[in-house]
Each structure stands twice: as C-alpha cells, then as structure tokens.
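First chain written, first letter: the chains are A, B, C and D, and each begins at residue 1.
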Amino acid sequence: MEMDHTAILLIDCPDRKGVVATIADFLYRHGANVLHADQHQDNDQKLFFMRVEWDLADFDIDAEAFKREFLPIAAKFEMNWRLEYGKTRPAVAIFVSRHLHCLVDLLYRYQIGEFQCVIPLIISNHTDAKPLADFYGVPFHHVPVTAANKAEAERRQVELLEANNVSLTVLARYMQVLSSDFVARHPRKIINVHHSFLPAFSGAKPYHAAFERGVKLIGATSHYVTDVLDEGPIIEQDVIRVSHRDNARDLIHKGRDVERTVLSRAVQWHLQHRILCYGNKTVVFD
Amino acid sequence: MEMDHTAILLIDCPDRKGVVATIADFLYRHGANVLHADQHQDNDQKLFFMRVEWDLADFDIDAEAFKREFLPIAAKFEMNWRLEYGKTRPAVAIFVSRHLHCLVDLLYRYQIGEFQCVIPLIISNHTDAKPLADFYGVPFHHVPVTAANKAEAERRQVELLEANNVSLTVLARYMQVLSSDFVARHPRKIINVHHSFLPAFSGAKPYHAAFERGVKLIGATSHYVTDVLDEGPIIEQDVIRVSHRDNARDLIHKGRDVERTVLSRAVQWHLQHRILCYGNKTVVFD
Amino acid sequence: MEMDHTAILLIDCPDRKGVVATIADFLYRHGANVLHADQHQDNDQKLFFMRVEWDLADFDIDAEAFKREFLPIAAKFEMNWRLEYGKTRPAVAIFVSRHLHCLVDLLYRYQIGEFQCVIPLIISNHTDAKPLADFYGVPFHHVPVTAANKAEAERRQVELLEANNVSLTVLARYMQVLSSDFVARHPRKIINVHHSFLPAFSGAKPYHAAFERGVKLIGATSHYVTDVLDEGPIIEQDVIRVSHRDNARDLIHKGRDVERTVLSRAVQWHLQHRILCYGNKTVVFD
Amino acid sequence: MEMDHTAILLIDCPDRKGVVATIADFLYRHGANVLHADQHQDNDQKLFFMRVEWDLADFDIDAEAFKREFLPIAAKFEMNWRLEYGKTRPAVAIFVSRHLHCLVDLLYRYQIGEFQCVIPLIISNHTDAKPLADFYGVPFHHVPVTAANKAEAERRQVELLEANNVSLTVLARYMQVLSSDFVARHPRKIINVHHSFLPAFSGAKPYHAAFERGVKLIGATSHYVTDVLDEGPIIEQDVIRVSHRDNARDLIHKGRDVERTVLSRAVQWHLQHRILCYGNKTVVFD
C-alpha cells in the first residue's frame, strides 16, 4: 500500500498570512516529497485547515525531531496539529448488534486491505456476529447489555478497548445508546451509522417514520458520536430513491445498502486521516 | 401531443377482488385501446389505486355516458374516481416572490409545450417577475401582501383564481404563508416547493439551517399544501452533494437547481394526472 | 416471505384490445386476490407486457389446471407466457474468478433471505473463493480453465449445472469468456456484471480505459449474456462520481461498490420474475 | 461578488520539491491573503497542478510587477502559468441552433450574476433564439450555415468573435460541426455539450442510439472542443435514470435537464478559472 511510506500532517488554526508558506518551507527544508496537499479556509470564522501527505523517502527527520522542530511553528500560529505515519495500523473495534450488513462489508474490506488498520476485536450484545468474526479471524466478545447491567457492561467494554489499544470504535448498527461517560472518554473516536438522512428522522425506527411521512428518498448518515444522540458531526450521507410501492420493510432492505456505504466511507476517511472536526462539523479532505 | 386523444381514469377504493376485471371489461366493451395502465395495492391498508389511459379513437361513449354507465360500478366498489381528458388544458396559476429560478423553468417548459395546461396568470407580491411574465405573454398581477392587508390580498388572489377558472396553483418560491382558509378552498390544488429535504429543515431559512448542521447533501421537496406548514403530501424530492467548501450562499445557489427540478416534475405529474393522494402521502404512477 | 403464497404470471404478446380484460376476468373467476399488477405497452412496436402477482389463498386451480384453462386464451392472443410460483426456489449457480466483492454481497443477501432461491454450487477457475463458499455452506467446484482445456472445462461446468438443475447462472466477476455454445444452451439464463457503463468501455480493462478517457463518472452494468460479448439486454446500470484525483486503481476500488449493487439488483429482479426481454432490451417491472 | 477583489494563479509544471514552498513564500512576501488553494499531483506522470486564489487587499504588486517577479520562479520550475483577476469579465459568445433549453439556463444565470463574464453576442444558424436574446439584451447575430457557405459563415463568426474580444465560446446545442481551422484558432476556448454520456453514443442522434441499446441511465457531457469530434477533454458529466417506459422522445425530454446542468457547470468552472487541461483530460479544482 502507498500509505506505508508516507506521513500526514493535519492542522487547524486561525487563518493568518504566512501559515502555508511556513509549513511548505518547513517540509521542503526537510526533503519532503509532497504527494497530496489540501487546505480549506473558513472565511467566516477565519479558520485555516490543512492536510498534507508526503513520501518519507528523502525526509530527514523522525517523529521525535519533527515534534521538536515543529513546536515553535505550531505555537506561533496557535495550531492544533497531529502527525500521522501511514504505516501505522491503528486498532479499530467494531460494535454490532444483530443486523450484520455493515459488519459484513467492513470485514471484507478489511480482509482485502482497503483499510489501513487492525481490527483486534468485535464486541456485541448478541452472539449473531460470532461466526462471521471467526471466519475473518477477529476475536469476538459477547457483552450482553441490559438495563440492570449497563454500567457494568460499559466497564467491560472500556477494559476491552484499553487492553487492545483501540483508537477508533465503529458502531456498525449497534443498537444500544452509549453513556455520556463512555462517549466523553472517546472524543471524535466513535463513528456511528444512523439509518436516516439526519436531521430527518433522528431517534428510533427511522424507516418507519420515513414510511409514515411518505418521503421519496431515504438515506443514511455516518457521524462522530457526541453526548447528544444523533447530533454529532456528520461525516457522510447518501440517499436512495423509494416510491409508494415500498412498504416499511422495503425501506429497511433498501436502506441497508446505503448504511453500509456511508459507514465504510466514514471509516476509510478517518483511517486515511482525511477528517478534521470543528464546531459540530467536519472538513473531509478529498 | 399524444395526450390530445386520450382519456385517463383515476380510481382509489377498498381493495376487493374483481375490481380490475370489472374496469378492464368496462373499457374493453366500449372499445378503449389502453395505452398505459398502472395499479397499486396498499396491502396493509387494503386499498387499491389505479390509473389507466386509453386512446379515444374507437371509444364509443362520451363523458356524459361514461358517468352514467360507470356510476353503478363505482358505487359497487365504493370508488373515488375521476375521468380526465388529455386534450383538456387546465388553468394553472403561478405565485412567485422575488426568486425567479423556478418561474423561469416553468415558463420555458410551458412555452415549448411540455405542460398540458394553460397559464392564464402569474400573481406576485413583488414586481420582479413582471418582465418575464410579459416576455412569455402571461398576464401578471401584482398583489402586495403586508401584515395589515393579508386578508384583503388573499381575497383579491381568490377572485383572480376564480375569474380564471384556475384548477392548480403553483407556489414557485412564493414567500408568503397562505391562510388556512385559502388552503381549505383548494384541497390538493396547491403545489409548493420547499427548499429542503423535508422533514429536515422545515420552516424558514432551511439552507442556513443545513449549513449550521453540516449536512453533506442538500435537497428540495415539492408537496401539496395543507393546513400544516411543510407537512403536506410529498410529491417529489431530490438532493445534491455539498461539502465543507460550500458556505450558506453556495448552498442557496446549488439548491436552486434542485428546487426547479422537483417543482417542475411535480407540476408535470399533476398535469398528467399521475398523482393520487391518500392519507398524507402520494401515489405517483410511472 | 410473502412470495411463498403467491403466483406470478408473465405475459408478452401483440397489443390487442381485450387482453387485460380477458386476463383479469380469468384470474377473478378463479378467485385470485391480486397483490401487484404491472403492464407495459410498447406503442411503437405494438407489444403488450404484463406481470401480475396474486395471493393463492382462494385461488381454485393448480398449475396443471391453469395450463389447461389458460392455453386457449394464450393461443387467442398469441402470448408468450409463464406461470411462476413464489414458493419455488430456483437453483442458482455462481461463477467467480478472483475478485470476490460481488460474491461476498450475493452470499450475504442469500443467507439473510433476500433472494428467493437456492445456491447449490459455486464454480471458479481459481480457489480463492473456497473459504467463503465453505463459510456460507455452498459446495465449491474448482474448474480450472486454460486455452487448452476450455472445451473440456465447459463440459464439466454444464454437467455441474445440469446435475444441480440450475436455472440461473450468475457471473460474479468471472473473467473467462463463455463459448457461444455454452451461451446458446442458457438463453436469458446467464446474468453478467460488466465493470463499465455499457456501451462505453466494453471489452477488457474498462477502468483503465475510463481513466485514460478522463470521464467524470464510472459505472457498472448487469445484463443477460448473449452470443455477442457485452451486448446482451441490459438489466441495470449505476454510476459513481470520480475526479482527477482518482487514478486507475481508485476507479477499480470505487467501481467495486457499483458492480455489486447492480449485480445484486439484477439477480433479485430476475428471481422475483420482474424481467421480460424483448428484442435486445428488458422490461423491468417495479 | 467576492471574486471582484481576488486574483487567481493557475500553474502546471513537472512535480519537483520546493514548488509549493516557493509559491507560498512568494505570495506571502507580497502580502497575499489566501482564500482558497488547491493542488494536485499526478504521481504517475510526475506533474504538479495548483490553483490559488487570494484577496488583493494587502497584495503589494500589480499584474506587471507580478509578471516580472514571477518569471524567474516560473522558469526555474518550468511552469505553465497564468494570473487571472476576479474582477475581469471575459467576453463569452454563445452559439445555438434551435433547441434553446441550454441557452435559457445560461442567460438566466448570467442575468442574476452567477457568471463572472459578459455575453456580448449570441450567434445562431437559425432565428429561434432571437426573442430570448432580445429579452436578455444580448445582441443576436443570425449566421445561416449551409454546405455551400460554411467557410464563409465561419469567417463571419470569427470576425464577430474577434470584434467582441471573445475568450470563450459556448456551444449551447449548436448543431453544426466546426471546422478544424476554427477549432485550432480557439484551443481550450470552446465548450460544447454532448447529449450522451461520452464515450457512449458519440456522434449524431445519441438519444435514439441509447433507446435502441436499452440503457437504464442516460447522460450528458460537457467538454472542450478539439479537432476530433466528441473526443475533447471532459469537464463534467451527469446522468438521469430512464426505464422501459421511456421512448426516444422521453429520453430527449429527460436529457434536456441533464444537458443544461452539465453545460452550466462547465461554463461556471471555466469562468472561475478552476479547470486545467493536460493530455486529453481536465483537472477541475473544487
């Protein structure tokens, strides 16, 4: 994979003159061969966002030295920044309940190398996903969740995430609401798929609500999970056409294809370090 | 135009055996050469819907005789029904305020004969649309609306509609809310375009709301107007992709193209007698 | 599944008056409770097409009696017709080579009951698909194909299809061209997915050709296989947006999602008896 | 309009280290406040493309000085480059025959200020467009074209373009093929809309060809005109779904909506200086 030999720098900061020149000069002086660069200015809020990816072949400093040398620049421009190495394989956990279409899609893409990550575990409140996890060689953890044991179940989940060094949790149709505490521990580190075109039909049973309303398109939304249910920063959305011929069950069937697509794209873009959040929105670099 | 020599029968009734056989037999006995036929069963609510269009060439009864002979059938099956003649040109009124993109689109389609109707008048609370109305030879009526004169203005509008025998009113970005009374006078006879993917972002300033929420698709919705704002039966919806690069003004620009498309489709389908309403939904026959 | 208790009648014939009335009357007299009915007139070629599906609960004749009683009607109107029972599970064979994304999709849909069929075998000229076949419990047959053994390999394939009573063969990215003889044995019984928006980029390496041409959308096409490569009746097509940022490999990645979608839809519609072919085209009933 | 106070620099050159740093430093030193910047690397062909737009408020050199100071940089990196000022209104000519839907769309967008240009003339081989041209106040020139007078007609067209300082010619459904000579005079300065999803159905009567082939989507393509008919660099494409219910005339109707959309986008992007051509392709910056 190409990403194996690249580094990626992600920056957001107040939009001030000289920021691009300074970064470009810094990378040039250290021998970076830039492969992709993209930037965005929010001219209303006077914010600057940048993603730059370069070939490490001739780059003359390592992560340590980078940090040391880049810190004064970052301080001068008041940057939030992070440096990612393409060869790193972050650990991703998948949470799933009984609908497996998103999981099937994620695991196949994982197997053929589309995702630059490792998936050390799948956690489910049911056992339906176990055979699939076994087939793809991913350890499966059954953590039942009830009203009574919810806090305890989340403690177990957190333990598992920490034991596996998980840096991204993907809710692939996981039908339990995570506690505020759980969410707060993993800011911008949990991606969910909601089975509607948010903000339409937030909450439970969106396809039934869509059917009742008589919409002509249904959709799905992938987003980072925040404390407010279905209100986190949207990463991707897509829709599919429906008609009066489709009953609620047909909407559920058709919706599955959109759900898996928008979730897989969100996971892919996160792993390619293409997403920056600000306010309650995302910048998704091409 | 093909429709000039055809008749269209629209039916909805409880779904009972024999209804199709009875209608087909009736049409056959009278020499109908069926050009298009489409039916829909709502198997949950046990309702039956049908649209059938036939060539009048060999059809041996006129509207009067049709009514007389069809009434017993309609009674037996408890049908709502109507018979339309393709050659009829219903009168359509267009209401518009200052954004003219939908009007431009409607008038051009009208001019080249896409719509089977006459447009005897355009009503506006501003004068911006007058030159365009003049160019297309459509009488233009300026009816200013203020908080103070609203009831009076609506009286004037109703007079104009009645004087012109209007059977369909199209709100082509008309920015005044019609009174309940006005709406009640014209059930399923007013089509509006809302500049969002309803039910998301109902109400005012939907593009700004969409921008705030950070959605990745924006849309537009054409619907029949009912007493509850933005809640009438949806006829058509479509969306267009946006990104973090689009500010609120860009959304407005991009949205225009979707608005005119969904409105023109709705008007077209209405005029082709393709739409049946039931509950708060539409059946739109192909 | 609903289809378990239904029958479906598919008809094409010259478009003559009385055909709908006659069929509707026939079904009504035998107690059919019609669930869906759709018809199409090709007014240029004067052809009539119909699909009608009914609940068998009160239907008073079996397949044998149906045939006996319907034959005179069919003869009178010069119909091509077939009667299908929803509960029948036709046998479907999947051919695949090394790209498994379509197979993954088909087998998952099969497992969760989306397809009204049995899949008694997968045939491949490679062994890559074997673990997946094993996981889903579908017998796997490795039939290597070389220039030298091609005729022999096809004989083996035909034996397998016949031994399993296969009535539909799905080429899920099977990279061998089938002989005219093989195709002639299975008219309208082989569905292929071509990885381009046909007729653009027919032949080999369509994504590379699309990349060379600099198109802004790429697509995929599912079609029945005929003697002329990539020229059979098109069942479904879809596209996805690409840009200058996508190299040929990116097109291949993005295209996978479209390929599996259009192939799965085609298989679904075929199994739901929604497709009629005429000339080199398809009618796909809603 | 925002563009009134900005400058845009477009560059393509061999991809070498230091190019971004050099440009960014140059702009920074002269006080540019960068509003948008986008770059692209073709890693196969080792080419670099860049578009940068900045606010001129604090920019301390004019076009003359820019040229003088930038030339050594351009020479060093072997750049093709151009500097555009947003406030410039290039002159655009529209050629049209009898189908006016694209023209209607272009002129309305022009009127409401969507396009940063002037349109000093419309040229047509028919007179159908004259009233519309008059309504929008654009001088109309009727230049009939026959087999006999073609060379003469083109001379007249060239005169008109030159007299009006035209820098972009838009073929808005102009049904005459331009001579090689005419095309050679205006490299990358003529935008055409072809009414198919190229390269499918190039040549005449694409909708009829699409109907014959039984495709399930139809499309349109905007592209720069080159010497080889329908083979120039593609700028934009889009599609719309069709079905067996659509005859050739329906395809023509549906296609109109796609044609005007892809043509207007192409014109817009060209005027916003977002397009760079290389080989036979385009880079279209966001």
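As a convention for this text, a residue touches a chain if its C-beta (ideal position, glycine included) is under 8 Å from a C-beta of that chain, and two chains touch if they have at least 3 such contacts.
In this text, all values refer to a predicted model and were calculated from it rather than measured experimentally.
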item	value
Between A-C and C-D, the pair joined by more C-beta contacts	C-D
Label of the chain whose CA centroid is most distant from the centroid of chain B	A
Intercentroid distance (Cα basis), chain C paired with chain A, Å	36
Inter-chain centre distance, chain C versus chain D - centres from mean C-alpha coordinates, in Å	42
Shared-contact residues (touching 2 or more other chains) in chain A	43, 243, 245, 286
Chain-level touch network, classified as line, ring, star, complete or other	complete
For the chain A and chain C complex, residues of the former touching the latter	100-101, 104, 108, 112, 114, 131, 135, 243, 245, 253, 257, 261, 286
Residues of chain A defined as touching chain D within the complex	17-18, 20-21, 23-25, 27-28, 31-39, 41, 43, 58, 286
In the complex with chain B, residue positions of chain A that touch it	40, 43-44, 197-201, 213-217, 219, 233-239, 243-245, 247, 279-284
